[in-house]
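In order of appearance the chains are A, B, C and D, and numbering begins at 1 in each one.
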Amino acid sequence: MSMRDAIARFVHDGDTVVIEGFTHLISFAAGHEIIRQRRRDLTLCRLTPDLIYDQMIAAGCARKLVFSWAGNPGAGSLHAFRRAVERPPRDTSARRARAPAAPLEIEEYSHFGMVARFAAGAARLPFWPLRDYAATDLPVANPRIAAVTCPYTGERLATVPALNPDVTIIHAQRADPDGDTQMWGLLGVQKEAAFASRHVVVVVEELVDEAVIRADPNRTVVPGFIVDAVVVEPWGAHPSYAQGYYDRDNAFYVAWEGISRDPARLTDYLDTQVYGVPDRAAYLRLTPGLEDRLRAGRRMCAGVNYGY
Amino acid sequence: MATDATAGARGGTPRPAATAATGATGATGATGATIAPREYSPSEMMVVTAARELRDGEVVFVGIGLPNLACNLARATHAPRLVLIYESGAVGAVPDRLPVSIGDPSLVTGARMVAAMADVFQYILQNGRIEVGFLGAAQIDRWGNINTTVVGPYDAPSVRLPGSGGAAEIATHARRTIVVSKLSRRAFPEAVDFVTSPGHAYHGVRRAAPSLPGGGPLKVITDRGVLEPDPATGELVLTALYPGIAAADVARDVGWPLRWPTPLPTVDPPPAEHIRLLRERLDPDHLFLKG
Amino acid sequence: MSMRDAIARFVHDGDTVVIEGFTHLISFAAGHEIIRQRRRDLTLCRLTPDLIYDQMIAAGCARKLVFSWAGNPGAGSLHAFRRAVERPPRDTSARRARAPAAPLEIEEYSHFGMVARFAAGAARLPFWPLRDYAATDLPVANPRIAAVTCPYTGERLATVPALNPDVTIIHAQRADPDGDTQMWGLLGVQKEAAFASRHVVVVVEELVDEAVIRADPNRTVVPGFIVDAVVVEPWGAHPSYAQGYYDRDNAFYVAWEGISRDPARLTDYLDTQVYGVPDRAAYLRLTPGLEDRLRAGRRMCAGVNYGY
Amino acid sequence: MATDATAGARGGTPRPAATAATGATGATGATGATIAPREYSPSEMMVVTAARELRDGEVVFVGIGLPNLACNLARATHAPRLVLIYESGAVGAVPDRLPVSIGDPSLVTGARMVAAMADVFQYILQNGRIEVGFLGAAQIDRWGNINTTVVGPYDAPSVRLPGSGGAAEIATHARRTIVVSKLSRRAFPEAVDFVTSPGHAYHGVRRAAPSLPGGGPLKVITDRGVLEPDPATGELVLTALYPGIAAADVARDVGWPLRWPTPLPTVDPPPAEHIRLLRERLDPDHLFLKG
């Protein structure tokens, strides 16, 4: 399925949408297509909103953000996000200037809290218990953080509610046509997010024959029977990365600090790199030499024996 | 109770001299000559001081920047068997470049293990397997509470910071949390605007297991000296100074009446070899050792 | 460390002991050494007691069994276990004849319940919630199955208490000297059992250089920092199996039905194959041709690229 | 309520003809001629009947023995895209020998995925992803409750059976549970000695979500016919007979006053091609197709 068709079919206005991947394997291609298709009122969930949700917030796709760490890892801030939530005191003119196109609701956890929300969703439990948030202000800021009493010890434990998105989109190194998906390197919470979700779209660097998957079944993270669509989109994670395929574009992450700080530059970025191209292939053509700069070196591991 | 401590005047009733930063590992000496303050930067001194907190073989939950450099310095010197775990899931990483994010691919290539994040938080961190956790802090207050969420009110912040990430869990579960933060009045208020990660007292109640099984922020390593919680009250007190720094230089940028014992130990200056390692091998481009 | 030393050091009378591995990778070598060292009053926990716990029960090591399926998979019953718990009515002479050397206490769950107990232990939570046991007699038979109320939905969910063994012993294909352990094929609950345990002993087919582990870090299931001892014991899982090394000895599993049904034959088995040998190498020498019969064929998978 | 049904006399008040076993897949016909009862065994008929319950593309939680053969027969005929999951974690297995245990290595070699058991039970089964689950039963009673735990009292059993394994979870969560069990008075009592896996009524209370989200044992495939729960009461009633069998032949070995509709459908006999497949390809050594 093309990315255009997958987004048209599985992402609707008002949906709860997850694009997961912790630094690694973030599907920017999917985020850009959602922007191009001008989806609105989305509830965007991710541990780390990262540049992709900053772009989607700037483009007006988001009604609400559910997250646990909203920064530009190693480089600075997500300024579109910050403009949407900051309210500088005593300077009403600045405040008006900084106000976003639409107000952004936030629902905030810690990483563990988000992981636990996905785990509960994947296990079809209404909550997940965790030992966390004692003596912090997070449960005050977010009343959805609640508590249960252990029936054995009487201890009070924090709980978070299950997160069951309408659609989860994950990027992976490879899948077969049935959607059996293999990834390696950092795995984040993709498995939990996929199992928690009503629909799952997998975007891959390579579509491989079923035999490739079956040769190493322990490498499969998401089984095809929970996958609704497989989209083949090489370099679909750039400026994020795909271990074994291409490196993270750290220069772009650093550049985002300046781009996102300036609404005009951000608009220009969206116009050129997102709205201005029809698809990921065209996006890549905008930056000649990108592939050569970031293409992964070779560090192959040996195989193992599955015989008996 | 925490309220006992609020009466203590600056410099008065010193806490019993707990392990000063210098006592941790005996990192100096073996590698020879130390150097004068003008020959190393405050950031370098912070890294060296943090490295001394680590014991060989310990399991450390580490972030990017100065803590990462501190761990690498410890591994290159007295703690070669330190196990580094990043919240991204990389265990035992041996990056061949300086990672700019905790999710850098160089942390995976050649690592001992890649753990899914559900396992990192449940089976490693909540399980109590982390001996040392490093945290930064936009603000840290008198009771060791850490804020990385907002400046100003939560619903209308003047500055929106990134939030917890894994910080709340680290401060909850790591046996010892080490905070690395440069001194400033803004960063060391009497009370933080928002408690993202738990310190030693919250609204007057001291931290305790089982809800807070870890030790909390037991060392706060600044660019001028080291703060530690008074075991009796949980209040952060100055327990060691860097060479050439006076206690008043620290107290000036701390938002509460800072206390310290007399005499106040001075941290050994960094061995020349450690500074060389940092500059030539561990951060050759001075990516993190700017100031 | 030798198996003898590892068992001497990490398994004590009265301990709660787990030898995990679902059909695959069951450390019979460890079980036999525990029998040889005549440990007593153990609480033995496993989803499937399998032949190894039947042998340990017969040898008098067990005070209590915690389990979820006590059969001989594909072949019949665990008769030493059955003799220890069955009380045939109306036939007191048979009852006396069938009575075990020591009475065996049992604590019973379903597979999911045992998995959840290990997961709770691994997460250092006092309980784990699951949607299970409604309208069944298991919570009546086992009062440790309790319930919590979801703080969001009001739904009552079953709970099981955490299981934190004194020692977990797992068999794996390979580990490095630091204990970083890799396995493939069926993974059972080994990861959870290891993380739940105060001590962990890993038994491996091959000790490999750290570089082998580091070449494929996603294959590591148990990190060295939670491992107390690595024991190198080729064929240590026989008659269970190790994917890529040797097949399951199904003939022995079938034969166990006859052996375990007859206390005299069972005693003879223990005398010959367990007490009669000093270690696993000697055990293997008792059955010439065993390795040739069961050695795995070759079904290597390809490696993947970890470069960037 | 279940109590409404206990008054029903044998053969009286037939349940509305729900899908009979023959209606499921239309497995006959396409492959040609069927054969006479003496040309196939009761076990073979059970396997063929179970196979007809499976729809192409379904996700099936399967055990060893007759259910495994039924799945393989379905895959070889009308349901090539069936996804088989074993509780051991093997997903999409294509064993090149007949597995004798659900943990057989042949289920791993060439599988689509190996899932850890925590994921099998939480993310696959409890998640509601399993469409069909197969169970055996030492005992199954009037209300579909299944016993695989003990004969006699729990604390002093005359026969100790293996226990639940994953059976309680399958009967709780699978959308449809199919029980495969040969008829006998001992195996089909009025009430089981111990409820290991939930049926349709427990002490008079009907099963319901959310605590029992799955459909429970919706088909009981025996060696003489098929039983299904009366939708109104949950009581197992006879809904189809195998060729040449009379309802009384079934009722004789059932421990409660068995009811059935009139007319009572007869299951189509197995196509000759299916019997050939079973004997020549799927269980050539008659490991499971003995009786």
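The definition used in the following text is that a contact is a pair of C-beta atoms (placed from the backbone, for glycine too) under 8 Å apart; a residue touches a chain by one contact, two chains touch by 3 or more.
On a predicted model such as this, the values are computed, not experimentally measured, just so you know.
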Most remote chain, CA-based centroid, reference being chain D: B
Where chain C and chain D are represented by their mean Cα positions, the distance between them in whole Å: 30
Whole-Å gap separating chain B and chain C, where each centre is the average of the chain's CA atoms: 42
Where chain B touches two or more other chains at once, by residue number: 90, 105, 108-110, 114-115, 122, 126, 213
For chain C, residues that touch 2 or more chains besides their own: 119, 124-125, 130-131, 153, 155, 184-185, 187, 191-192, 215, 218, 241, 243, 247-248, 296, 299, 306-308
Chains touching one another, given as label pairs in label order: A-B, A-C, A-D, B-C, C-D
Sites on chain C touched by chain A in the complex: 124-127, 129-131, 146-153, 155, 157, 159, 161, 173, 184-185, 187, 212, 215-216, 218-219, 241, 243-248, 296-308
Touching residues on chain B, where the partner in the complex is chain A: 64, 87-90, 100-105, 108-110, 114-118, 121-122, 125-126, 145, 149, 152, 154, 156-169, 172-173, 194-199, 202, 205, 207, 210-213
Touching residues (chain side chain A, partner chain D) in the complex: 119, 122-125, 178, 180, 191-192, 195, 210, 213-215, 217-218, 220, 223-226, 306-308
Complex interface listing, chain D residues touching chain A: 59, 83, 90-92, 94, 105-106, 108-115, 119, 122-124, 126-129, 213
Contact set on chain A toward chain B in their complex: 22-24, 47-48, 67-71, 73-75, 77, 81-82, 85-89, 108-112, 115-116, 118-119, 130-138, 140-141, 153, 155-156, 184-189, 191-192, 241, 243, 247-248, 250, 253, 296, 299
